[in-house]
Each structure stands twice: as C-alpha cells, then as structure tokens.
Amino acid sequence: MQIDIINGPNLNLIGQREPSIYGNLTFDEVFAQWKSEFKLQLSLSQSNIEGEIVGLLQNSKADGIVLNAGAYTHTSIAIRDAISAIKIPVIEVHLSNVTARESFRHESFITPVCVGCVFGFGMESYRMALHYFLSKGSI
Amino acid sequence: MQIDIINGPNLNLIGQREPSIYGNLTFDEVFAQWKSEFKLQLSLSQSNIEGEIVGLLQNSKADGIVLNAGAYTHTSIAIRDAISAIKIPVIEVHLSNVTARESFRHESFITPVCVGCVFGFGMESYRMALHYFLSKGSI
Amino acid sequence: MQIDIINGPNLNLIGQREPSIYGNLTFDEVFAQWKSEFKLQLSLSQSNIEGEIVGLLQNSKADGIVLNAGAYTHTSIAIRDAISAIKIPVIEVHLSNVTARESFRHESFITPVCVGCVFGFGMESYRMALHYFLSKGSI
Amino acid sequence: MQIDIINGPNLNLIGQREPSIYGNLTFDEVFAQWKSEFKLQLSLSQSNIEGEIVGLLQNSKADGIVLNAGAYTHTSIAIRDAISAIKIPVIEVHLSNVTARESFRHESFITPVCVGCVFGFGMESYRMALHYFLSKGSI
Amino acid sequence: MQIDIINGPNLNLIGQREPSIYGNLTFDEVFAQWKSEFKLQLSLSQSNIEGEIVGLLQNSKADGIVLNAGAYTHTSIAIRDAISAIKIPVIEVHLSNVTARESFRHESFITPVCVGCVFGFGMESYRMALHYFLSKGSI
Amino acid sequence: MQIDIINGPNLNLIGQREPSIYGNLTFDEVFAQWKSEFKLQLSLSQSNIEGEIVGLLQNSKADGIVLNAGAYTHTSIAIRDAISAIKIPVIEVHLSNVTARESFRHESFITPVCVGCVFGFGMESYRMALHYFLSKGSI
Amino acid sequence: MQIDIINGPNLNLIGQREPSIYGNLTFDEVFAQWKSEFKLQLSLSQSNIEGEIVGLLQNSKADGIVLNAGAYTHTSIAIRDAISAIKIPVIEVHLSNVTARESFRHESFITPVCVGCVFGFGMESYRMALHYFLSKGSI
Amino acid sequence: MQIDIINGPNLNLIGQREPSIYGNLTFDEVFAQWKSEFKLQLSLSQSNIEGEIVGLLQNSKADGIVLNAGAYTHTSIAIRDAISAIKIPVIEVHLSNVTARESFRHESFITPVCVGCVFGFGMESYRMALHYFLSKGSI
Amino acid sequence: MQIDIINGPNLNLIGQREPSIYGNLTFDEVFAQWKSEFKLQLSLSQSNIEGEIVGLLQNSKADGIVLNAGAYTHTSIAIRDAISAIKIPVIEVHLSNVTARESFRHESFITPVCVGCVFGFGMESYRMALHYFLSKGSI
Amino acid sequence: MQIDIINGPNLNLIGQREPSIYGNLTFDEVFAQWKSEFKLQLSLSQSNIEGEIVGLLQNSKADGIVLNAGAYTHTSIAIRDAISAIKIPVIEVHLSNVTARESFRHESFITPVCVGCVFGFGMESYRMALHYFLSKGSI
Amino acid sequence: MQIDIINGPNLNLIGQREPSIYGNLTFDEVFAQWKSEFKLQLSLSQSNIEGEIVGLLQNSKADGIVLNAGAYTHTSIAIRDAISAIKIPVIEVHLSNVTARESFRHESFITPVCVGCVFGFGMESYRMALHYFLSKGSI
Amino acid sequence: MQIDIINGPNLNLIGQREPSIYGNLTFDEVFAQWKSEFKLQLSLSQSNIEGEIVGLLQNSKADGIVLNAGAYTHTSIAIRDAISAIKIPVIEVHLSNVTARESFRHESFITPVCVGCVFGFGMESYRMALHYFLSKGSI
C-alpha cells in the first residue's frame, strides 16, 4: 500500500526554525521514523509553488495521500480541483489548531473534497492519518 | 490512563437507524471492542441535553476526553466554557465530514478550545483520537 | 391514526397569562376539544428543555407529529437532526406570524426538514395541521 | 362568504407539466372540486404580470383572499403595499416547502402583512387556508 | 421584598477554580454575606440546563430577579421569552466585561427585555443590582 | 413648458383610502389645482405595471418629469435604465419619508440617475418639484 | 430548426438612441440580416413587461431560445422559473460586459438555469449564440 | 414666522472655491436675496464643529429649521438626538445628489427624524425648503 | 476619593424637556443630592463637543470617572483612545436600556476599554456606579 | 491573424479523465481540428502555475487571446493585472456553466478587464470565441 | 517651502505617557529637531476637536501638509471633505501600524484623497513624509 | 548593511509600458541610481510566481527587505507566513495609492507582519523605505 505525503509552502522550514514550538526534527528525520514504524510504502515531497502541488497530486500513483497544503489551504481552488479530479482518497492535516489562529485560516477550500481532516496535534496529525489508511487497508 | 468518551444529542440512535451509512453496530458494541484493543481506562456516556454535557465535562476525572458534541458543536457556548474551565485536554471528533454538509455545520464554538479535531472518518475518528492519547502517554 | 402534538418552551403558560391575546383556554382544555372533534389518536406533551424535546421525537411511535418548538425553532440544530433521523412526518406550527416579529425569529432550523409549516392563525394553526393529516389519511 | 384565490406567475402551468410532482389536475379542475366541497363563494384568477396582481388585490370585493404570489413573493414590494392598503385578510400559500429550496426563496416581502402562512403541503395548502376562513366565519 | 438570584451554566465552578481571578469565595459564601447585609428576602439557584432556567423564571414569586444567564445570554431565545412572559422586573448581570471578550459574547438576546444591565465588576455586579432594587423599593 | 407627472403602483388609491393620512383629495382633484396654479403644461398618468412605466418614460415628450415610482423605486432596474436612456430631466418624489420606514425602502435604484429627490412632504413633494422646474425655466 | 430571440425592457430603443455606441441599425434591421445568413427559422419579440416575457417563454414552440432579459436579468425570479418550467434550451446574452458596470448588474437570477451565457460582444453576442445552436443541430 | 438656516462643516467655503460648480455667490450673498424674497424671519449660522451644531439646534427659537449638516449627516448621532429632543420641524437639505456620490454618503442618521429631505438642486434646495415652510404657514 | 462625572451631548437638556420620562430634576439638582449622600469628592461636567470630552478625560485628576458619552458612545474612537491613554478607571453609564432602541445604538466603541457598564436604570445608573467606587475604595 | 489559446490549472486532464462528461478528445486533438477549420494562426499552451500564465500573457504577440484561467479565474489578481497591462483583446471562456456550481466560482477577477465572456457550452465555448475574432477581423 | 504638520486627538499626550513605547520626547521637542534638520518652513498644531482640524486645513497657506488625524481618520468625512476642498497636497501619517490593531482602525476615510500614506514607523513616519516634500521640491 | 528589494508579478513591465504614468526608466536603471546614492548593499530580484517569492524571502541573508508583492499582496497567505517565519524586518511598498483603486486592493495580508508600509509615491516609495533603513542603522 503506497501513501504519498505532500507538504505545501513554508513547511520546509520545520526543524530549522522555532524549535521550541516544533521540535528539532526536520520532516526528513521524522519521515525516516515513520518509514520504519508503518507497514506502508511512503513518499515525501514539498513545494512552495501552488501549481507544483497541483502537479504532484495529478501525477500521484498512490493508494492514499496525506496533504498539508499550508497557506494554500485557504486560497487555492486549483488544488481543490486537482483533488476532485484524481480518484485517490486525500486526508487533510495541519500541525496547529487552525481555528484558534487568525480568522482567514478558518476557511478551507480543500476540506469538503477530502475524506476527512486532522489538525492540532503537531507531527502526530500525520501519524493519525497514517493509522487511518493502515486500518482501512487491513479491513 | 483514563479517557472519557462523551457523546451529544442523537448519537444514541447510531446502530439502530440508517445502518447502510453507519453500520449495524451500536456505540456500546464498538466501545466493547475499543476496551479490549486499547491499553486505556475507557468510559462512555451520552446525553441529548446540553446542560448535562456541561455537567459531564465538569465532573470528569479523566486524563483526556474525546467529545462528539453533535449538533451542540455549532450552537453551545456553554459547552465551550466548560471545556475552558476544566484542565483536561479535549479532542473534538465527528463521524462525518461536516464541512461538506449544510453551512450552519461549518462553524464550531468548541474547536478553538480543544487540543485538536478529527472528522470525516466514521467510527475511525474516535480510534484516531485514542491513538493520540496513547502516543502522548507513552512519550 | 396516531398524532403526537409536542410543545416547546414557555407554551405551558398559554391560558394562564395574557388571556386577552391567547384566550382563557389552556392547551389541556383545547386539547380535550380536539380529541372529541377529530377522528385521530392524539397525545400532548410539553417541555422547556431542548434535549427532552429531542427525546420526545426519538421515542415517538406516531404516524405524524405536530411540533411547536417555540424559541428552539430558531436555535436548535439538535431538534432538526432528531426530525431528520426519525421517519415520521412532522408539521411545524406557530401561534403568531413569526415573520412580523423580531428578526431573530425569521430564521428556522426546522422548516427545511418538515413536511410543511403553518403559522399566524393562533390555535387554528394546530387544527389546520390536524386537518392535513386527516385529509392525507383519508386518501 | 366570498373568498378570492389569486395565483401568480407560472402557476398556469400546473397540471400541464411535471405531473409526477404536481399531479395531472389543472387548477381549474381542482377549483371545481373546492367549489362543491366548501360552503364558500369562490373565485379563481391568475396573472404572470406583477402589476395585474396588484390590480386584482385592489379590486377584490371578497371577505378573504388566498394568495400564491409565486416568484413575486420574493421580489415585489408593490404586492405587499397592495395587501397593506386593502382591508381584506390575506393568507399566503405555497405548494412547496420554500425554505428547502434556493436561498433567494427564503425571504418573503409579503408574509409580515398577511394573517398567516401555509406552505409545503401541495394543493392541500389551499384547502387548509379555506378551512381557516370557514372556521373563522363559523365562530 | 423578595429577590431571586438565578445563575446559569458553569457558574457553579466559581470559587472552586481560577481563584486568582474570581477569589476563593463560592457563591454560597458570598450569598451568606449578602443575606446579612441587605434588608431583602434573598434566594439563590443555579442550573447548567437552559430549560431549567426557563422553569426557574416561570415559577418565581419574587418582586425582582437578578439573572446571570452565563453562556445562554448569547444563544437562548427561550430564556428571553420567559422573561417577557413573567411580569417580574429582571436585571441582567455578568462578572466580566463581556464586550472585551470574544465577539460571540457581544450579542445578548436577553438585555432588551430586562430593566437594565450591569457587567464588568465581578461579584460587585450583583451587589449593584441589589442596591437598585433596594433603592426602588424605598421610593 | 411641458411637465409629465408619472405615478407608480398603488398610488391610484390615494384619496380613496386612509383619508386621515393622505386627505380626501384624489390625485385627479389635486392635479386640477396644480393646473390652475402653475404656468406649466401638465399631464398626469399612473400604472401598476412596471413595464408600462418604462413605456411612459420612453414615450414622454415633456421638458421635465416628476416621477413617484412607488414600490418599484426599490426593485426596478428597468425604470432606472429608461431614465438613463431618455434625455429628459426627472425628479424623484415620494409622499412619505421613506427612510423612516422599513429598511427595504431605504435603497433606491432610481435616485442616482435623477436630477434630485424630494420626499416626506405629502402632496407638497410634488409641488416643490414643480417649483423647481418653474424656477429653472424662468432663468 | 426554430430559434426564438426574446428581448427585454428598453431594448426597443436600440438603433434609435446612442448610435455612437450601438450603431444605427435597429433590431429589426439586424434581424433581417440574420434571417438571410443563418439556416434557421428565426422569430424576434420584445416586451418591457416582466410578465409578458414569462408568457413568451411559456408559449414558445422553438428548439432553442436566445434571451436578453435586460434589466430583469438581475431582479426576476419569475423569468427564471419560466425557463426552468419549459424544456427548451435557453442561452442568455447581453450586449455589454455587465461585470464592468454597476454592482447590481453583476448578479443574475437567470444564468444558473440557462445552457450558457455570452456577453460583452455587442450584436455579435447574438450571432455567437446562433452559431452554437447551428453547430449543435448539425452534430 | 422665524426660520433658522444652519450649515455644517466646509459650507463656509461656498462661493470662495470651485465657482464653476457652485457659482460665485457666498452664502451670505444668497442669504441676502432670500431675506428680500421670502416673507419669513431668516437667520443664518455655520459651524465646522459637530457639538456646536448640537448647540445651535438646542438653542433655536425658530418655527422651522433648514439644516445642511454636511459631512456630519453621515456620522453624527448627536445631531440626530438634538433634532429629536427639540420640537421644531427640521428639513434636511444638500446641495448635491448625495446618492450619486461615494457610498458612505448614502446613509443619513438625520433623515428619519426630519420632516423631509431635499437634495440635488444646488442652492435651489434651500429655496424649496423655504417654499414648504411658507406654504405650510399659509394654510 | 475623587470621582468625576462627565456627561456628553444633549444631556444638558435633562430636567428641562420630556419630564414625564426623565423627571423634573436637572443634573445639577440630582448632583447636589449625590454630594450629600456619598462620602466622595464629586465633580460634574458636560459638553456637546466630542473633542472637549477627550480633553476632560485627559485632564482629569480623579480616582475614578463615571462617563455617559451619549451619542458619542457609538461613533467616537477618539474618546475610546483617551480612556485607554489615561490610567483612571472609567465606568460607562446610560439612562436608558440602549439595546432596546435603534440598532445603531447597540454598538459601543467605549465599553471594551471601561471597567464595566451600567445602563437602563435612569438616574439610578449613576448611583450604582458611585456605589461601586465607594465599595472598591473601602476594600 | 494570430490567436493564442491559454489554458490554466487542471485543464491538461481533459480527454484523459471523465470522458463521459468531456468526451475522449484531448485539447491537442481538438486543437488540430480548429487549426484546419479556422483561417487563423492558432497556438495552444497550458500551465498549472499562476505566475507562468502571467508570463504567457506578457509575452504574447497575438492579435487576440482566448483564456480559460480555470480555478485562477476566482483567485488571481495577478492575471487580471497582466491582462490590463497588455493591449491585446482577451476573451474569457469556461467549459461549464460556472454560475450553477459552488458559490466561490461565481466571482471572477478577470471578466471586467476582458472584452467579453462565453461559458457553459463545453468545447463549443472556444469555437464561439474564435468565431468572434474571425468576424471582427473580417469587418 | 512651507509645510504644516497637523495632529489630531490624543497626540498631545505623546512624550508624557507610555515612554517605553513612544520615547520621552514630546512633539515639541522632536519638532525642534526637525526644524534644524530640514530646509523647510515648518509649523506644528494639534487639536482634539474634529471641527477645529477642518478649520486648520481650510486656513492653511502651506505648500504641503502632513496630517495625523488620529482616531478621526476612521470616522470623519468632514476632514476628508476639507482635504478635497483645499488644493494643498496632504500626506497621511500614523505612528503605529494601524492594520495590526483593531479592525475599526483598518478603514480610513482620508487616504483616498491624500497623495499617499506612511505608517508604522513611529516618529520616523513624519520624517519620511518631510523627505518626500523636500525631494519633490528639489526636482 | 545589506538590503534586498523584492518585486512581485507584473513589475517587470515597469519602464516598458505606460511610460506616461511610470516614466521611461526600468527598475534596473533606477536600481543603478540607488546603488550609487545609498551607502547600502543592495540586491534586486523579481518573480511572477507566488511560491518563488516565498523562496526569495526564506533564502534572504539581508538586514532588511523592501517588498512590493504586487497583486499577491491581497491574496497570498503563503508570503505572509514566510515573512513571519524569517526574522528580517520587511517594509511593504507600492507605487500607487492602493486605497484609491478597486476595493479588492484595499485588503492586505502582508501589512500586519511588516514593520510598516509606504505607498502612493511612485518610485519614491522605495527610496523612502531605504531612508528608513539607513536612518535606523545610523542610530
């Protein structure tokens, strides 16, 4: 079972800045842990460019996608349309509890076309999404 | 580690009606499975009355709470205030992807004062929340 | 043919206060008249508590329900969800012409999931709803 | 006792189109039934033109009016003003449950100046209104 | 002269939690002080349940009511209707300056049907309301 | 100098109904007075139909128009477009102070394309508009 | 193949006024050109009255309709309902780019129930719509 | 009969600037004309300060007031309250057609408490208001 | 302990007009009563001019301020800024229940930067505020 | 005469997915048909990246552009600015009737700066735009 | 070259209060520095009264004005009108980044009629504006 | 001291088009002037792609950044997040007075996380920002 993890803008900074909030681990280091922990084929990609995320979604061959679209969550209809066009189930995740931040982060163009959404648990948000795919796959 | 699962209005009907959507299992039957699967002290309660849910939150002695406030999610400031007043971490869950339903289900009074939110995965939403508490407890 | 009449908050005061507006008859007295007038099995219940009205709807065994949810008409998604969950046809009634009162009484969460709505005719609103059930039953 | 039934735009199509929804009977055929059923003087008129409905209201000599203003319900202040100007009680009726349709059908300029409103019961909506006039007249 | 003090949801926690903000005194302890200080018959009740507060208002035999409806201030039309239905003057009080908190606490369904409103003075808000009843009674 | 006075829906009722508000004089009677008082060629027309008012404006040969569009003031872009298309100066008048009535009467589609507006003076509103044309003509 | 062209209010003025914008040709003259150019049965009608346009739509026997509803585009639910009720495909056209004009011309009640919309190309808008019908008919 | 004309902020510049729009006459010069033309006791005052206009209204001994509150028309509740408090009829005037200017000039706090409003006629707006007082006085 | 009472626009009319509502006493007369009743140094000032109220606040040397900003409550950010800039606690008072009046009186720029607010009790509103300062001072 | 056709995000999927809706032809295949059918120099380009579409517009040497900006239609001011900056006429096209889809697709940043707009006709939308350029060129 | 600096309400407090934020220098002290630094004729004035700022603008004889209207920025159309009426270029300045403060400070009536705006740089905001005038004068 | 100047979409066209508005100088030519005028290390970059501007900000090693994000100012939360994540002070600049243009240019996602903002002065806006960095550096 193949799962693609796709990260949006500014998420390449995780682990490099604000370690008191997000810890010292980069996504690559956490990703290595997940690869050994889960019985899943995992890939990881990141882009700051909205249209490249559209491309990553269109070209995916995975059985499931975990998507943290970052700031594009709130502004991109193009990413929404890409999710609708492909037939792969997508789970939306966020590190922080977005509803407790600025009001322009409360609206999401993406959630209605995803299977579901997990947010507010830091890096655990990704693991919870992987648990879901694992549990569905085992049924 | 003690976790309280609290369900709000109309969730007592799960398993009795609309089995094609929610399956044939009642909450009590699923709850029995979770008790054997997870290394957690689990309790389950349900009420149709907003003020009784306020009471369940105030009187909880648990280390964590999984709350599906149902329709009160969108109308109850009293439940929000109860969550703020107690010091126990609360995870909000929903069976369905609420953002893909009527617009009055898009707003939640409760999310900003919870740790995080999981929705859209049916009964799996609860299990993902339990995974989080288990994983935090084991750190 | 069994019809349940369910009244919401403050409707227990009818007949006791403001007789110049609503007459001297209590709901119990009017109800006795309806019982002798209509060829229907009739029951009457009232509650000030939103969650109890949810319960009355869930537990109903009637062929039709006449519901005056009072103030909860405008604030309760829980009652709406209960109406959607049960398979019994519900008619919404109000004594007054709610659209000619304060603007917060113009919105109803309940109307879209009811068969229809009758309002503005005082106690006659209930009788018109009973006429409808009678007329449907006779077809 | 004289009652005028006034129908607005597109209601002349009833019985001719979409019989699966509205039945095969035209308004004229249903009207003939009502004439024999009710002890009331009944007249029936229809117009697609907003200003002509204003005229029908101004010129009415009836003791009561049953008005289905159709689409003008949501856009016509002129019809509202005509209802206010005449001293005849008007009951607003609709075939469908307008609150479950598009949002621009949720607002009505007319309801606040009518006695009351009945909607969602198909052709029964008209009969329920006639029952009200009959019941008021017999008191 | 009889005055009823009615408290809404979560106000039973006062004195038990967050003593740095609200002090160490429970409502019962403060209430004992007021009873000796004021030449008034005083009663005190609390409920987390909206419909029970409606009942407390309906059943009151007092000459005046001091009501802190807590979170229901902003969501309950039922409590508003109960205040309108009874003929007893009601003063709305709040411990905190609600206008300096979240925007959903800025609207009150209750204020327009009360005599007046006192908020922002902690426990003093209640005493100021009692002063008003005392002063009116003495005129 | 030719001036056309054009009245919209329900204004044919003036003088027939609500004499305590608008006096006993019909428009025809007042119009006769104006004809003898003012050194102007005056014509008077009225219609309840929006499209006919469009036609009256299109076909006018006058040097100025006094228009009371009644309820269409607030709903008709068609009348606005007709005023824009013709080259004759139009003054908007109303009998009542529309800003002190319902909020849907506060917006006017017509005012921005008129020379100016006079309202709130009863029948005097028309006379003041005629004074303006007279005064402009004499310059 | 029969196509009806229906024009709304003020469009009878085209060719008579503002020739610098719309040219010197009236609709009748342009219509004559189209009749010789297109292999289509063409009819042309115009009305300033909303309800008459409803009637033109109801009574049409055409295979397709090209509708320029003018100002009623933005205010008429009645015309929308007529389009929905008939089974003939309707194309909405406008001479100007309505989105670059006043904001009240940006909303259209009619577009969602039409096949599509063409605007901003002057008289060419009509020809493009006719090309579509021709091209569909030839498939 | 005494009439006070009160002008608000920036109206002292009339006649000094933008003569192509407002002419070369200052208010004082026009005022002198009016004094000889009308059989009325006339006074003229102006202030740039909102609170001084409140004072001018409070201290007026006139039988009628013509008020051009200028920019305060759209922002001053204080002036509205002063008009309500005094018993003298006030007519609101403006030189320009305010509805054809920026949207923040479309709302007026003052109009609902005035007798009526005249705008869009330049200096003629004042004369039309004076005509009204004269005509009322002569009845 | 020094308390400044500051009144805003139109409050100088109290006692002179509408005695049936506000009584026959002027502020000066009531103020004399308060001076003998309360063990407080009291001063009283009033202005119709927004900027002068800003000055009164800036120049105050009191231990507390009771402010009735009248109409400026709803329009003045300048007064809000003055309250924020000084370090003296300010209590907002109003004679009437402002929430039961026009909607533009429901918003207050001032409340969030005051200690609290008392309204709806007529002249008693001031006395209740003075009681608060007295009670705080004695602690 | 040179015409550039520019397609935005996700339009590269046409012909590959959902053939029941959009047919089996890719844009390249349809484009080949157009090249032989129209006496026009045609070019075709596509990008998922907003900024690249800005570049395609800036660098165009064509006499006209047919632009389907896809999801960027509703979110991109940058593309709007590029259209404004170049002097080439642009026609906006869409495959579907966007007004009958989600509300966030109803607003377009681009339409006001285009010549006109054609939507709802599938691939025919492009051909109708090409007809317009051909017809203008031939005049 | 003469430049007038005009300050609005509460800006007289700068240097006296909150020195940790704004420093210990009063406007007069900073102004003395600017006078020696810049080759400009400089004047400085301040008022808490809206109408006086209108007067300062009307009476200015300068070649340019630097205006910090403080709180009146967001509420005063009168000041806007004064800026429009005079022919002197005005630059709007603010000490703080107003967009990062409360939402009612985000709107400015004044900016659209100024040359430009500088804010967020503390006292430097004024110097940057003076640099602009100097640089323009030297061209 | 190193300052990076970053320009967003369409700003590469400056100097090539609309010289009557922006002059004949390209950014490169003006930039050369600034390099010789200011004692600062200056770099200049431009991109039409939102995600590339995110990258330019993330990778900057400068002591300060002058950012003209062009159209992305109003739509990009991603750029805002990048500014928040880096620790370098950013000044927002615009050539034109954006508040005097279309309303969708009035909101900025970026301003609240910048030091300040300068707009409306053409190329001078950049120089004023550089003056600020120079002046801060010299303190």
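Letters A, B, C, D, E, F, G, H, I, J, K and L name the chains as they come in the text, with residue numbers starting at 1 for each one.
As a working rule, a contact is a pair of C-beta atoms (placed from the backbone, for glycine too) under 8 Å apart; a residue touches a chain by one contact, two chains touch by 3 or more.
Keep in mind it's a predicted model, so treat the numbers as computed, not measured.
Enquirer: What is the shortest path, in steps, from chain H to chain K when you may only step between chains that touch?
Expert: Step count on the best path from chain H to chain K: 1.
Enquirer: At the chain F/chain H interface, shared numbers over all numbers used: above half (same) or below half (different)?
Expert: Same: most residue numbers at the chain F-chain H interface appear in both copies.
Enquirer: Comparing residue numbers, which of C-D, A-L or F-H shares more than half of the contact pairs of H-K?
Expert: Repeat interface, by the over-half criterion: A-L.
Enquirer: Need the CA-centroid distance for the pair chain B / chain L, whole Å please.
Expert: 48
Enquirer: In whole angstrom, how far does the Cα centroid of chain A sit from the Cα centroid of chain D?
Expert: Chain centres of chain A and chain D, defined by C-alpha means, are spaced 55 Å apart.
Enquirer: Which integer distance in Å separates the CA centroid of chain D from that of chain G?
Expert: Centre-to-centre distance between chain D and chain G: 31 Å.
Enquirer: Check each residue of chain L and list the ones that touch at least two other chains.
Expert: In chain L, the residues touching two or more other chains are 49-50, 52, 75.
Enquirer: Tell me, which pairs of chains are in touch?
Expert: Every touching chain pair, ordered by label, is A-B, A-J, A-L, B-C, B-E, C-D, C-E, D-F, D-G, E-I, F-G, F-H, G-J, H-I, H-K, I-K, J-L, K-L.
Enquirer: Going by the contact rule set out above, which residues of chain K touch chain H in the complex?
Expert: Against chain H, chain K makes touches at 49-52, 54-55, 58, 75-78, 80-82, 85, 109.
Enquirer: What residues on chain K touch chain I, complex-wise?
Expert: Residues of chain K touching chain I: 8-10, 12-13, 17-18, 47-52, 70-72, 74-75, 104-105.
Enquirer: Can you check the complex and tell me which residues of chain H touch chain F?
Expert: Interface residues on chain H, with respect to chain F: 97, 99-100, 108, 111-121, 124-125, 127-128, 131-132, 135-136.
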